[in-house]
Structures are given as C-alpha cells and as structure tokens.
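Structure in structure tokens, see below.
Each chain gets a letter, A, B, C, D and E, in the order it is written, and its residues are counted from 1.
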Amino acid sequence: MTIYDLIFYLFAAITVISAFFVVTTRNIVYSAYYLLFTFFGVAGIYVLLGADFIAVVQLVVYVGGILILLLFGVMLTNRITNVQIKTGTIKIAPAAIGVALFAGILGAALLKTNWKTINSEIPISTTHTLGLLLIQQYAVVFELLGILLLIALIGAASMARK
Amino acid sequence: MNTNNLNYLVNSLYLIKPELVISAIIVLLVLVDLIMLKNKKLLPYISIAGLLIAGYFIIEHFETNSFAFSTSSSAGMLIVDPFGNFFKLLIVFASILVVLFSVTSVEIKNSLDRHGEYYALIFGMILGMMFMASASDLIVIYISLELVSLSSYVLAGFTKQSLRNSEASLKYVIYGGISSGIMLFGISIIYGITGSTNLYEINSLIQAPQVQSLTFLLAGILIFVGIGYKISAAPFHFWTPDVYEGAPIPITAYLSIASKAAGFALLIRFIKVTFIQSIDPEGFWHLLSIIDWKSFIIIISILTMTLGNFAALWQSNMKRLLAYSSIAHAGYLLLGLAVMSNEGITAILIYFVVYAFMNLGAFFVVMLIANKIGSEELDDYKGLSSSTPFLAVSLSIFLISLTGLPPTAGFIGKLYIFIALIDAKMIVVAVIALLNTVVSLYYYVKVLKHMFLDKSEKEIPAISTSYASAVLLIAILAPVLVFGIYFTPLVDLAKSSITLLGF
Amino acid sequence: MTQIGLNHFLFVSTVLFCLGIFGIITRKNAVMVLMGIELILNSANINFIAFAKYGNFGYQGQIMALFVIILAAAEAAIALAIVLNIYKTFSTVNVDEIDTMKD
Amino acid sequence: MTGNNLIQIALIILFLPLLGFTVTLFLAKKVKKIFLFETFILIVSFILSVALVFFKLNYFSQTTFTGEVNWINLGSISIDLGVMVDNIAVLMIFVVSLISMLVHLFSIAYMHGDKRYNRYFAYLGIFTFSMNGIVFTHNILMMYIFWELVGLSSYLLIGFWFEKKSASDAGKKAFIVNRVGDLGFFSGILILFATYHTFTFDKIFHQISLGVIPFNSEFWLTVTGILIFAGAIGKSAQFPLHVWLPDAMEGPTPVSALIHAATMVAAGVYLIIRVFPILTGNALEFIAIIGALSAFIPATIAITQNDIKKVLAYSTVSQLGYMVMALGVGAYKFAFFHLVTHAFFKAALFLGSGSVIHAMHHEQDIRKMGGLRKKLPLTYATFLISTLAISGVPLTSGFLSKDGILAGTFAFGNLTGQWFFAFVGFLVALVTAFYMFRLVILTFHGEPRDKEKFDHAHESPFVMVMPLVVLATLSIFIWYTPNPFNPEQGWFLSKWVKAPTIVTPQDARYSFLKSDEIKPEANVPTVQNVPAQTTQEINGSEEEVTFSKTYTEAMEHAHIPAMMLSLGLAGIGILFAFMFYQWKKLDPDKLAEKINPLYKLSLNKWYFDEIYDATFVALTLGISKLFAWFDNYIIDGIVNGSAALTKQVSNFSGKFDNIVVDGVVNGAAYLSGIVGLMFRRLQTGKVQTYIVLVVFSLVIILFIFKSF
Amino acid sequence: MQNFPILSFITLLPILGMVIILFIPKKQEIVIKSTTLAITAIQLIAAIILLKNFNYALGGVNDPSSFQFIEKFRWIDITGFSWIGRIKIDYFMGIDGISVPLVLLTAIISFIATLSSWTINKSVKGYFAMFLLLDTGMMGVFVALDFFLFYIFWELMLLPMYFLIGIWGGPRREYAAIKFFLYTLFGSIFILIVMIALYFSTTEVLADGTKVFTFNMLSMMNPQNFTATGILSPLNPNNLRLIAYIGLFVGFAIKIPMFPFHTWLPDAHVEAPTAISVILAGVLLKMGTYGILRVCFPIFPEITRQLVWYIALFGMINIIYGALCALAQKDFKKMIAYSSISHMGLVLLGMASLNSMGITGAVFQMFNHGTITAMLFLIVGVIYDRAHTRGLDEFGGLATQMPIYAGFTTLAFFAAIGLPGLSGFVSEAFVFLGAFGFTSIRTLTVISTLGILLGAGYMLWAMQRVFLGSLKDKWASLKDLTFREYAMLVPLSLIVLFLGIYPATMLNLMNSSVNAMVKFMANAQTMYGSLLH
C-alpha cells in the first residue's frame, strides 16, 4: 500500500462518508457543512487524478460559490430564530430499495467492465493545455457556456427579484 | 496550426449564422430593455425581426451539409445539415408564433416590467434548441440541453403570481436537474468506454465487436433519460402535466412544440449517428446490436402513448389535458423512430409540422379563451359554442386534427406514421397505436361536448376576439385544413430534410 | 487490496451518485434536494477525470468536468432563485408540500 | 273468339277490381257514392267472367291458354309473369266473381251508415283483385305474390272495425298465422326455384316428368310438396293453423262470406289443386291426415258454439278439411267440385247469418234468437236450403260433392286398407248435419227468446235478399248434373274438370295412382320459352288417360255404399238435432254435464289458442324480451366493460360517477378509465415521487434490456 | 356530358352549399333552409341526369374501362422515395351498376331529409352546414374508386353525424353521439390499417412505365398487380390476407351494423332528430354493406369464398336477432331501429350467396331499405312532432284521427314486412332465392326466412298498438299530415310502389355489374389458386 493509496482512501472516505451525512443529517446547516467536506474530498481525488486545475476550480466554484449560495438559500428560507434548522426525510423505504437496486446494477456494470487502461504520466500542469483547448477546439462550447451564464444571470435575477 | 485553427473557427462561424443572430438578439434585447425601461413594445418586434433573419439564414443554407468546429475531418462539435435545419426552422417558426401569442397573452402582459427578461430567456431557449438540433458532440449536447432547461425553468415560473406558476418551475428544476445529472453520468460512461464524446468518433470506435455491451446499454439508457425527459416520453414524463398546467400558456405551447422538437432532433441524431451500422437501399437502418434500440423505442413509445391517452381521459383542465395529449403524441412520434428507417423519419418530420400547427393552434385558442374567462377548466368551457362560435369551431378543428381524423392535417401525420409502420411490418404496433387513437378520441370529444353540447349554468357573455388574434388564428387554422387535403409540399419538405450528414 | 485503479474511483463516484439520488428523493427541504443534485454532478465529474486519466484520453474529460462545474453553478443559482420564489409564495420550501397540481 | 281474346278478358277481369280499389280509395272522402263505382266494376267483372266461362268451356274446353310477360331479366335468370286460363281457373273465377259481386250488393245495405263505408268497398276491391290473381296465375311466384296480397286484404277487412280491440287482434292474428304457413310455402318455392330456376308451373311439371327432382331425392320432393301445402294449411285454416279463422269473424259478416267461406280460404285448396301433379304419395297422405284432422276437430267444436258466425266458421274449417282430405286421398275432381258447391252454400249461409244479424241489430248469439222464420221467411228458406246442402241431403249440390268425397275415402280404404279417412269422413258428415240443424233450429224455429229484439226484427232489403236467393238456387243439384244421385255424368265433372297428369316419379306415387299405361311424356304439354305478350295454346290431354283407372273404378264401386251410408248418417244427425232442440226430447245441458270434459274441450275449442299462447307466442315474446335484455345489458355490457364492475368502481370513487355522467359513456371507457385512474395515481404532484418512479422504471428497463 | 365532371359536382356541391350557408346571416333561417333545399334538389336532378346517361351494358366492378363518368387525375404525387417508390394518390371517381343505385338513394334521401329538417329551429345555420357536409361524405363514399379518397369520405361523415346527433338530438343525445362516434371510429381504424397494408402490396404501372404503389381499388382487384412480397399479396405464401379481410369486414360491419357490433344503432336512432335518423338508416348503414361489396369482395375474392358461410351466418343472426329485439321494444323508433338491423341482415345474406340473384337482391335491398326505412322514420317523426312521445303503448286508435297518416304507415309497414307489390318483397325474395341457391348456406337461408314471420309480428303489433283500437282522448287533437309531410312521404311511397310492381327499372341498372361481380367472384378461386404456384 503506497502513500498514493492511503491518500486515495482518505479522500475517498472523506467524500463518501460526508456525502452520506449530507443526505442523512436532519440539520440542514450540518448538512451543508458535510457537503463542504465532500467537495474537499472530491477536489482531493481530482488532484490524485492529476487534474490540478479542475481541483482548484472545484474548490473555488463549489466551495466558494455554490456552497455559499446554498447556505444563503438555507438562511433565506428558514427563520433565523430557529437555531435547529432541521428537515425531515420522506420515502426512505422506496428510495432505499430503488437506489440500492440501481446502485447494484450500476456498480455491477461499471466494476465488471473491462475498461481500457493505459498508463500515462501525470502531467505537471494542465492549466495551459486546458486554456488552449478552451479557446480553440472548445471555443464554441465555451461561448455557449458564456451565454448560458448570462441567461442564468438574467433568469435568476428575474426569478428572485420582487 | 494557430492560423489554421482561427480560419477554421471563422469558417465555422459562417455555418452558424442563425445561431449568431439569435445570440446577438439576446444581447440586443437586454440592452434595449435596459435603455428603454418604460417602453416594452419594441421587444416583440425585435424578437420577430431577429427570428425572421435567423429563419432566412436557415433557409438560405438549408441544403448545407457540413461539420462546424471540426476536431477532425470526420467529426465536429456541430453539424449543419438539412435535418438539423428543418428542426431549426420549425423552432424558429414556433418561436415566432409564441412571441405573437405572448403579445396577446394577458398572463404575460401582467408582468410587463420583466418583458426584457422574458424575451431574453426565450431566445436563450431558442439558441439552446438550435444547438441541440445540430449538436454532434456529447459535450455540446449536454450544454445546450442545459441551456434550454435553465431558460425554461425560469419561463415556466415566469409570472410568479400564482402558486402553480412557482410550483411548476420548482418541479421542473428539480426534475430537470436530476434528469440531466443522470444523463451526464451516462455520458461519462460512454466517454469511459470510447474515450471520445463525439458521436461520429464513438460510432467508428464501437464498430469493433469487443465493446462492453452491458455497460454501453447502461450508458445509452442513462442518456436516454435526459432526452426522454425533454421529449416527455414515459416513464420520464412526470414533470409534463404539472409544468404544463402551471406555466403560462405561451410557454406551455412552446415547451410542447419547440423543446420537444429539439429533443427529437437530438434523439434521432444521437441514435442514428452513434449506433448506425449500415442503411439498406430500402431506407431501413441496421443498427449495431450493442443496444436493441428498436425494442426499446417500441416499448417506450407504446408506454408513452398509452399512458398519455389514458391519463388524459380524466383531466378537467384544458392545459393538463393538452399536456397529456402531447405526451401521447410524443408516443406516436417515437413510433416513427421505432421503425428505424428513413421513411419513419420522414413521417416524424411530417408529423412534427402538422403537430406544430395543431397543437400551437389549440393552445392559442385555450389562451384566448383563458384571456377572457380567466380559466382553463373544462367546466368553464360549457356553452362556449354559443358565446364564441369562432373559437369553439377553431378549437374543434384543432382537436379533431389532434385526434387524426381526415380531412385534417392530423390525419396525414398519423397516416404517414402508420404507413411507415406497416411498411416495416410492425402491424401489431400499428394496431395498438390505432386503438390508442380511439382512446384519445374520448377526451378530445369530451372537450367538443363541453363546448357544443353542454349548457352553461352561468350566463357567459359573448367573447369577442380581436382582429389580430383572429387573423393569427386563421393563419394557423388554414394549414391544418389545407394540409389535410393537399400535403404534397409538406411531404416534399420532409423528404428533403431527412439527410443527416454522412448518411 | 490491489493497487488503486480505475475501479476504485468508479466505486466512489457510483456511491456519490446513488447518495445523490437518495438525497434528492428523501429530503424534504428544497435546498437539500439541490445538494443531492450537486452530488450527482460531482460523481459524474469524478468519472470524467478518472476515465481521462486511466484511459489516457487526453484532456477532453477534464474540459468536460470544467464545463460541468460551471454549469452546476449556473444551475444552482437559478434553482435557488426558484426556491426563494417558492418560499415567497408557499411560505415553505418543503418539496412534498408543494403539490397543488396533481391528478 | 280466340285464345288471345280469352287471355285479354282474363286480364281485364284481373285488373278491373284493382282499378276499382284505387279509384274508390282515393275518392273515398271526396265522392260519397263512389262505392257504386266499385260495385259496378264488380258487376262488369262478373259479366266478363260469365263470358269467359262460356267461351272457354264451350269452345276451348280442351285447351289451356297462357300469356306471359317478362318481368325481370337478370341475364342468367329471367322471371316471367303470366296468366293461365284453363277450365279450373275459369270455373274458379266465375265463383269468385259471382260471390264477390253478390257480397258487394249485400254490403250496400249491410254496411250502410258505416263511417268508413267507401273504404270498405275499396278493400273488397283489392281483395277481389288479389283473389283473381291467385286464380289466374301460371307461376308459383305470382301465386305467392297474390297469396300475400290476399293476406293483406284479409288483414284490412278483418280489422275493418279496428276500434274494437278484438277486431284488430283478429286481423293481426290472421296475418301472422297465415305467415307461418307462408314460411313453408316460401321455403317450398325456394326449393323449386333452386332446382328448376323457374317459377312457371308447366315448366316445373315438365322437368319433374323428366325426372329432375330436388336434391335428387324423392324424399325432398315430398318435403317440397308438404312445404307448399303449408301455405294451404295457413290460408285454408287447416289444423293446426286453423285458429285464426274463427277469430276472423270479427270482420263484417259479408266479408266473412266472401273471404272466410267462399274464396280466400278456398285458395289453399286451389293451391293444392294447382300443384297436385308434383305431390308424391307420402305428401298426399300427409295432406289427407291434416285434412281429416281439420275436418274432425272443428266439427266437434261447432257443436257447442253459440255465436252464429262462429258455428259457420268452424263448419267452414271442417268443410275445407274435407276438400283437403279429398285431395289427399286422390279424389281430385270431387275436391274441386266440393270447393265450388261449398263456396255457394257457405256464402249463402254466411250472408244469411248476416241477414239475421242485421235484422237482430247485430246480435250474434243464437241463444237469444229463435222463431225468426216468421219474421225472415226468405232468409229462412235460403238458409235452410244451404243447410240441407251442407248436410249432404239429396237433391242439393252438397250431397253430390260430399258424396263423391266420401266415395273417394271409401275407395281409398278399399285400395289401401286404410279406413281411417273414410271413418272420419262419415263421422264428420254426421256431426255436420247435427250442428247445422242445431243452428237452424235454434235460430229460426221455436219461440223467440229475446222478445224485444225479435219484435224489431224485419226481413232484409232486396239487395240483401237477392244474393241469398241466387246462392241458394246454386245449391241445387240441377246446375251441376242432370242426375241428382250421380254427379259423374254431369257436365261439371265429366267435361269441365279433368284430373291432371301426375308427374312425380312412378314409385313415389300411391300405388293405385300409378299410370296404368306407361306414357311418360306423351301427354305432357311442352312449353317453349314464350316471348312476352304472346299467347300459347296447349292442347289438353285426352280424357281419363291421365288419372289412374284403378282408382276411378274403385270410386265407382264405392259410390253406392258411400251414398247410402252418408245419407243414413246425415239423417241421424238431423234427427238428433231435432230431438235435442226442436222437440226437446233430449236435454243438451244434461248431456253436456254427463260428458263434461268433452263438452268443455269442445266449448273451449280444444284449447288451441291457449296452448299456442302459452307456447309459441309466449316463447317468441320471451325470447324477444330475453334478446332485448341481452342486447341492452350483455352486449352493451360487454362493450361497456360489465355493468357490475362499473357500479363497484363508482362506489369506490365518487368522482367516477361524475365522469360517467360526464360523457365517458362507453364501457371500453370505463375500462380505459380504470387504466387511466391507475396512471393518475402516479401523478401525485410530489416531484420526489416522480423521481422514485423514474428510478424504479430505470431499474426495470435495465433489467429487461440486460437480457438482450 | 361526358366531359362534365358530374360525379365531383354531385359530391362537392353540398360543400359549396355549406360555404354559402356559412355566409348567410344566422337570423335568415328561411334562406338557409331554402338554400339547402335548393342544393339537395340540384343534387337530385344531377343524379337523375346521371341515371339517364348511365350505360346499362357496362359492368364495372373490377374493370376500369367499364366504369362510367370516370374522373381521374393525379392528386398527390411525391417522387424521390427510392425505398418505397413513389407516393401517388389519385383523385379517382367513377360509378358502376352497384354504386349508381346508392348515389341515387343518397340524393333522394338527402332531399327528403332536408324537407324533414324544416322543423329544426335550434342553431339552424350550424345544422344545415353540418348536414351538407354529411351529404358530401356519403356521396363521396359511393363514388370514390381510390381507397384513400374513399377513406377520406368515409371519415368525413363521422363528425357532422356526431354533432347532428349530439346537438340536435334527444335527451340522451350525448351518450348516443359518442357511442356512434366511437364505434364507427373503431371500425374505421381497421379499414385504415388494411388500406395501408394493401397500398404496400399493390402496384400500378404508370404511363411512363414505372411501377408505383397505389391506392387504386381497381388495381387491388387484379392479382397481377400485387407485389411478390407484400403482406397482403396473394403471391406471398405468408400473406395476412385472411386477417386483413376480417379486419376490413369488421370495419364495415360496424357500420351495417352487424351483430354483435350493432348496439350503437338503437341509441343513435332514438336520440337523433328525425331527419338524421332518416339519413342514418337510409344511407349510412348502406355504406357498410357497400364497402363490403365494393372492397372486401373483389379485393379478397378467394377469402370471401372461404368465409362466405360466416357472412351468411351473421346475416342470419342479424335477421332473427334484430327481429326478436324489435318485437320487445316499447319505443316506436327503437323498434324501427332494430328492424333495420334485421333488414340489413338480409343484405348480408344476399351478398353471401355470391350468385347474381342474391347479390342483385342485396343491392336492391339496400336501396329499398333506404327508402322504406326512411319512410318509417319520417312516420315516427310525424307522430313525435305532434305527441312528443314515441311510446308504442301510449297511442291507440290513431287511424281514426289521422286516417291518411295511417294509410302511409300501413304502406310503409307492409313494405317493410315484404308484402308483394311493394319494393321490399322483390329484394327480400331475391335474397332468399339467391341464398337458397347456394348450397352451403342453404340451411341458414331457411332459418332466416323466420325473419319474414317475425317481421310481420312486430310490425303488425306496432300497427295495432298505435293505430288500431280506440282513440285516447288526449290524442283527439292531433292533426293529420301537413303539406310538407306529404311532400316527403308521397315520393317515397311512389318509389316503393313502383319498384314493387316493376323492379326491372332498378334491376337492369345493376344487372351488368352484378353479373360482372358474380363472374369475377366465380373465377377468383382459379385465379388466386394458381398464383401461388
């Protein structure tokens, strides 16, 4: 067992366990914090997979953006006076059965698959390459995303304002 | 390489002129909205002008057959081909009508101050749908799908006034979010197997026999979830009735036509381009046996139309009824795909044109009625034939056409579907579909019954229709009748539009 | 235990994916449901990057992940706006209570 | 005078009454006296028929004339309509025209004051037309056509006083009961047509004589004969379809005289006479049995009836039974002879009873009459003569014809050893004499039992009495034969009426009716396909070679014993009638008590109506109700997905009812509705439920497709 | 004359009338009614002109050259489909001796029904617009020779009928209307499927020598035109012709209506207004039997021969069952509706005979049933207009009060019973004679004759209950026929009488065609039997 392995297990554990708590904790705020750990764990996994730029983006966008947004959402939709911001769970049984079956199929399929694997060197930095790709090959997608963000902006504003 | 690339980008831009126009209009709309805070009257004109320009560009380059933003000589992010152009044209056409609807809609008028956002979002949808129609890369597919979704989430809850409006958008966003999530997971698996996200590349990669079929099946079906949700195919249709009922009527109409059309364009392209092995001279596709799409689509389509029709029997809300009917129609349309032949695709295209007219028309009448009586409940339709015979008759014709009775265009649409089915010797499926048509008759006729045969308990004042609305309505009505009798141009158009790049 | 390979990452992503779905289905609070969606997107992203690395497919996977992250942000923004709107009209964000429209 | 002229006269006679009918019907409201036109038409038609009879019998007695016109031509099949003038037809037309004319005259007075007076005459006109059609037809299809028209006119006339429920019931009953027989008749026609592709009698006979028979089986030839005879059973009111005739007495009395005594009911016998050549031995035996039963049963009923017309009605059935039986045993000529004589005396009896009823102000119960001979001397006289005739007293026509029939049965017994028919014949002769004199005595003799009505009674006017006299006169022997005891030598039987050539295969006949000399085709008239509107003369066959000599001889032997026996029996019957009712030596009531069950049986007409009502009518109505129910509930129910299920479901869901009412009406809809409900259940409005469903359906789809 | 498109004229004239009516202001009810009357009158005149120019010698049936008044031009022609050939649909009309009586019938009945509609006073404009549309649909079915065109017309009459029953009908009109609609639509679905399947099995050689699929019914009747592999091609050993035949037959049988698909009829009749009942019974039911004769028989002759016993069986069931049900009815109109079922059974039986007598009888019976039942429904309408009830038991003695009315009724009733001298007899007799001539259905025919008896039973019973007996006081004020009612009943009575006495007028009209049909059917066995080898 190498250090790589250890680190992987660490991050995997963080990700999975905290994700588990995200969906099971009754307290919403706790849940949001667990989500933070999940995101961290995922970022760690990205790093392990040699995607350093993505890991950073993950941290910046998810932790810095989305999570904060979600927390705002929590705050805005619950009266602050109530310290114990809790939420119930419903449909545990069907959800558990359905998800378990689904996970079974998914897991069986994915893990049994004989993936093509080719060993490759971990590049030092992906940022440059990604940048080039974005403005060359994926320029159209990139622009499309820009418009998408614009639309999201307009939409969110339109939705949220009085 | 850099210069080549840039040239290539510029060349590609020529190919996506309509999309560029639409994008420009979005910006223009936002700017105009900002500059002229008070006067919103200009916005629809800009929209229509933009759409007409876009439409012109589409028609101009209708016969183009080319990749755009190519990554290699045989693949690209986008494909510009007659098939895609057909759907783009359909989308533009539907958009023009929806813009016109929006002008007359009382619901939309009530939120006058946000008209800028409204049109911007519609154009966001248009853009997304156009990309959907020509996407050939899973990345573009996903992003464009999301673009359409995000815009429509907001539009579904646009007026924000009633409970059902907000409810619609919440349900839509949650449902859409998970569906696209599942689809994304499927895309990731395909990527894992093939190492590519481009449909053409994937196609050439999976010709090899050693591909993991089970995993591929899984991925294919997960991707279908995302597309199935867009075209509201059972069992991924659950959002449809609630959202259709909750959304403003122009948006409902729009969702039922344009976004469904885009979804179909995507689905057909996805299945055909990715899984095709060969096409025989009779026009039948021979797909890779990796996924038995034929059985799958047959099952889904039968399920869809049956569910749609049967559930529609019980509806008392006109919009909801039409929602279920549009689910059912998705089922009929899927049958065209299930044939897995060029003929089937022709049938789908014909059906779509017809369906656009009749469904938009039906929604338009429902909207006009709702404008006056403020309700879409079927019970309030009682005695409409006396208070507004024009609308009642128009609605009847649309509904009859939706049922598929001659001599309306709906019959022609169905006829071609059945021709395709029977030619492919799928008699049993055809019978099931036809029996479904009978079931559908119930609820369409129920509406007719309410309008013509029932007496209203309360006194309804005569409903007048504005001149402009009447003209628009007749403009939609005429093709429904004309195409029922003379449908050669329609078929010619569809026939010339089934060319997908490379096939 | 074997060496860490693709399957390990896939395992993590699968678990995340399923937990995400589980969360979406079971949580009452709309915000929590959104968290579930984020989990699903993350799981897909792990897939992309893991496949890219182990299959040596180049950078397409990472680009995809990048796009997905951006998209997730946009989606979250819109979703939260909608949730806020719901809170204004319904005075609750419990998804299961928002069912005025049904058959 | 050529055959062509005869055909023309026949056609005029045929269509004149139709003209009368049309004119009278359409002018009924406008012209008060239009009935005179109709009567005039009938007089003309009678005169023409006299001419026809005269010329035919005097100059062309050996020849049959036919004239036909193409009616329908389908290329492969062509159907001709045509008339045939032979001796039988002209004699029959004479009878019909005469009685019809007399009835018209009689009705002028009898029906006077009726609010549908003119319409009544119109109906008589259509009846006469139809009857003439039956008489003149040369093919079986036309026979059927006029057969039905006769049915229609009898429906109209019986139900003429339709305000009375009993009258309208009787009309309906007559038509429907007749239709039962007609079904058989029609089926017989079907067989004939399917075999011979023609309807014309001659062509059919010709083909049979060539050995072409239905389905190549003599059995089927027998069946065909019996089926056609079924028509006669209906029309001639033979057992078991005789039930309509007594009820038909609800019609005006002149109608009874015309239709239900002389002409229409005789049509059945006439039909058998026409198709006689094709009847096999077995068929004839069947006919004889039906005839015997029909002669016997109504005779027993007539004994106890108290309605003057009912008695006559039953006696009519009984006499028709005689004729039918006569045909059955081969006494062809006497059957026709009796048909003619009976027509006259029975018409006289009916008209006489009409006169009585008229005089008694529409009282028909003989228990309330009595002593009327003083008031109605002429009526009495004619009635008595007719009664003597029907009873078979010598010097009357009835004696001649009846005696012949009895001789025929006697001969039949001699030849075959079956004495049943002879026994029935003689027994009925006894009974007939008895009840007829009972009728005469109760009506005309003794003391009046209803003084008031008696006082107002008066002799009828001339137009009513004149017909009686004419008819009674015709009941005297002299018109038929110079020898009052042997009709064989009379012109009627020796010259005019010839037994026909039997065309059935030899081994299918009665053994004694086999041709003594084998001359299969020599005498069969050959008929070519006759072009339209032409007349053809057919040379008749030579005398007496066509019918079995054996039988003729046997009858001659039987003549004397039969005559003696019948005379004796008639005398006994008359004697008993006088003992019971005139001299009151015997008390009929006591006798009735002694044999109460038999009395009841007779009084209640053997319970035929009750039995039919309880069986056939009830069964049909029952089945029809069942089917209607079946239609409403089961068939609709199957379509509607079963009513019970519907109710169940509607209990479950209050909404269901609403929607049922709301137009989801059909049951396939109930079913689809239930399916729809199931689908609706899924649409809970909770988005998370939807997602659960999506996940589950994904799982299911994956499971399904994993196997592919 | 031959150049004038008289069939299109006769068919599309009502549509023109409908357009005219739509421009007449709502209030001008008389104008609307008169326009309709004029249109139907012109149609009737055109039909008579058609009849005058009709050549009796030409057979038609499967031979395109002996159809008359043919109008044929390319309607829809889409080229370029390499894989399914050219989609070509013709506008193809023509008549032969089988359709011409029905064209005439349609014109007559439409005219009479217009008169009968005079009393309509609820949304007159809509009514007559629908009425004329219906007229076009009916006429079109009888003149179309292209299956596609046929189907369009077939469906075209659905909706107007739905509305005519549903809006202007009796108390349970909605139920009846929707039942009618669903049944017929259900039936037409089968027709549609078979039509498409036939299309893909039949080819036609065009002038330029190309082979294309075709909807031309006449081409479908020639086995040489079938493709080798079409699913309905007799050349294909695995063909589905039997199933297709049954489907097609059921589609038409629903319209007839054949047991057990008949339950829509009594409801539809009871609820429909008089004029619509007249049309329904007079013309619409014939479309079913006409369809069988025009489509099922010549296109599938070998299957027809195979199934002929079953057709006769259902004919028999219809006759007996309908009659028995009629016997149990208490509603005048319902009784007549059931009697229609019984009489249409005769048509089925006659067709099953496959000989000229039987088929002549069947076609003639279609015409006669059209006129006689129209009369019967008019008669019910007369009494319903006055008394507002149709209960058979509620009347009695009306013959005293309304003698002329009673006279017409008697005529119609006896015509329905099949009294000689009236037209019903000839067709009935022909049907039985023809059917009896066909050995295998002989027993069924004999059983069917029971219908004659039962027919007399229910008709006379109804006659008695309504017209005979003593008059009830409450009906003492009923008026006898009006002029308009005369105008409706007299022509029909004359037709019934005339055709009863001299049926050759009508029989000659159809004779050549029927013979051609019989010949064709007789040769079918050899023609189709040899194909597979």
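We take it that contacts are C-beta pairs under 8 Å (C-beta built on N, C-alpha and C of every residue); 3 or more make two chains touch, one makes a residue touch a chain.
For clarity, every value in this text was computed on a predicted model and none was experimentally measured.
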item: Any chain in contact with chain C as well as chain E; value: B, D
item: Chain ID, smallest distance between chain and overall C-alpha centroids; value: E
item: Identity of the chain that, by mean CA position, is farthest from chain A; value: D
item: Of D-E and A-D, pair with higher C-beta contact tally; value: D-E
item: Euclidean distance of C-alpha centroids - chain B vs chain E, Å; value: 43
item: Chain A-chain B separation of Cα centroids, rounded to whole Å; value: 31
item: Whole-Å separation of chain centres (CA-atom averages), chain B against chain C; value: 26
item: Separation of chain B from chain D, taking each centre as the mean of its C-alpha atoms, in whole Å; value: 78
item: Junction residues of chain C - those touching two or more other chains; value: 17, 20-21, 24-26, 30, 33-34, 36, 45, 50-52, 55, 63, 67, 71, 74-75, 78, 81-83, 85, 95-96, 98-103
item: Junction residues of chain B - those touching two or more other chains; value: 139, 143, 146, 150, 153-154, 157, 160, 169-171, 174, 178, 182, 189, 192, 195, 214, 218, 241-242, 311, 314, 438, 442, 445, 449
item: Set of chain E residues in contact with two or more other chains; value: 174, 178, 182
item: Pairs of chains found to touch, sorted by chain label; value: A-B, A-C, A-D, B-C, B-D, B-E, C-D, D-E
item: Complex contact set, residues of chain B against chain E; value: 281-284, 341-343, 346, 400, 405-407, 411, 415, 418-419, 422-423, 425, 427, 430-431, 434-435, 437-438, 441-442, 445, 448-449, 452-453, 486-488, 491-492, 495
item: Contact footprint of chain A on chain C as seen in their complex; value: 1, 3-12, 14-23, 25-32, 34-36, 38-39, 42, 45-46, 49-56, 59, 62-63, 65-67, 69-78, 80-85, 87, 93-94, 96
item: Partner chain C, residues of chain D touching it in the complex; value: 680-681, 683-688, 691-692, 695
item: Parts of chain D lying in touch with chain B, wherever the complex brings them together; value: 659, 662-664, 668-669, 672-673, 675-680, 682-683, 685, 687-691, 693-694, 697-698, 701-702, 704-706, 708
item: Residue ranges of chain E touching chain B (in the complex, touch as defined); value: 75-78, 80-84, 87, 151-152, 155-156, 158-159, 162-163, 166-167, 173-174, 177-178, 181-182, 185-186, 189, 192-193, 196-197, 199-200, 231, 240
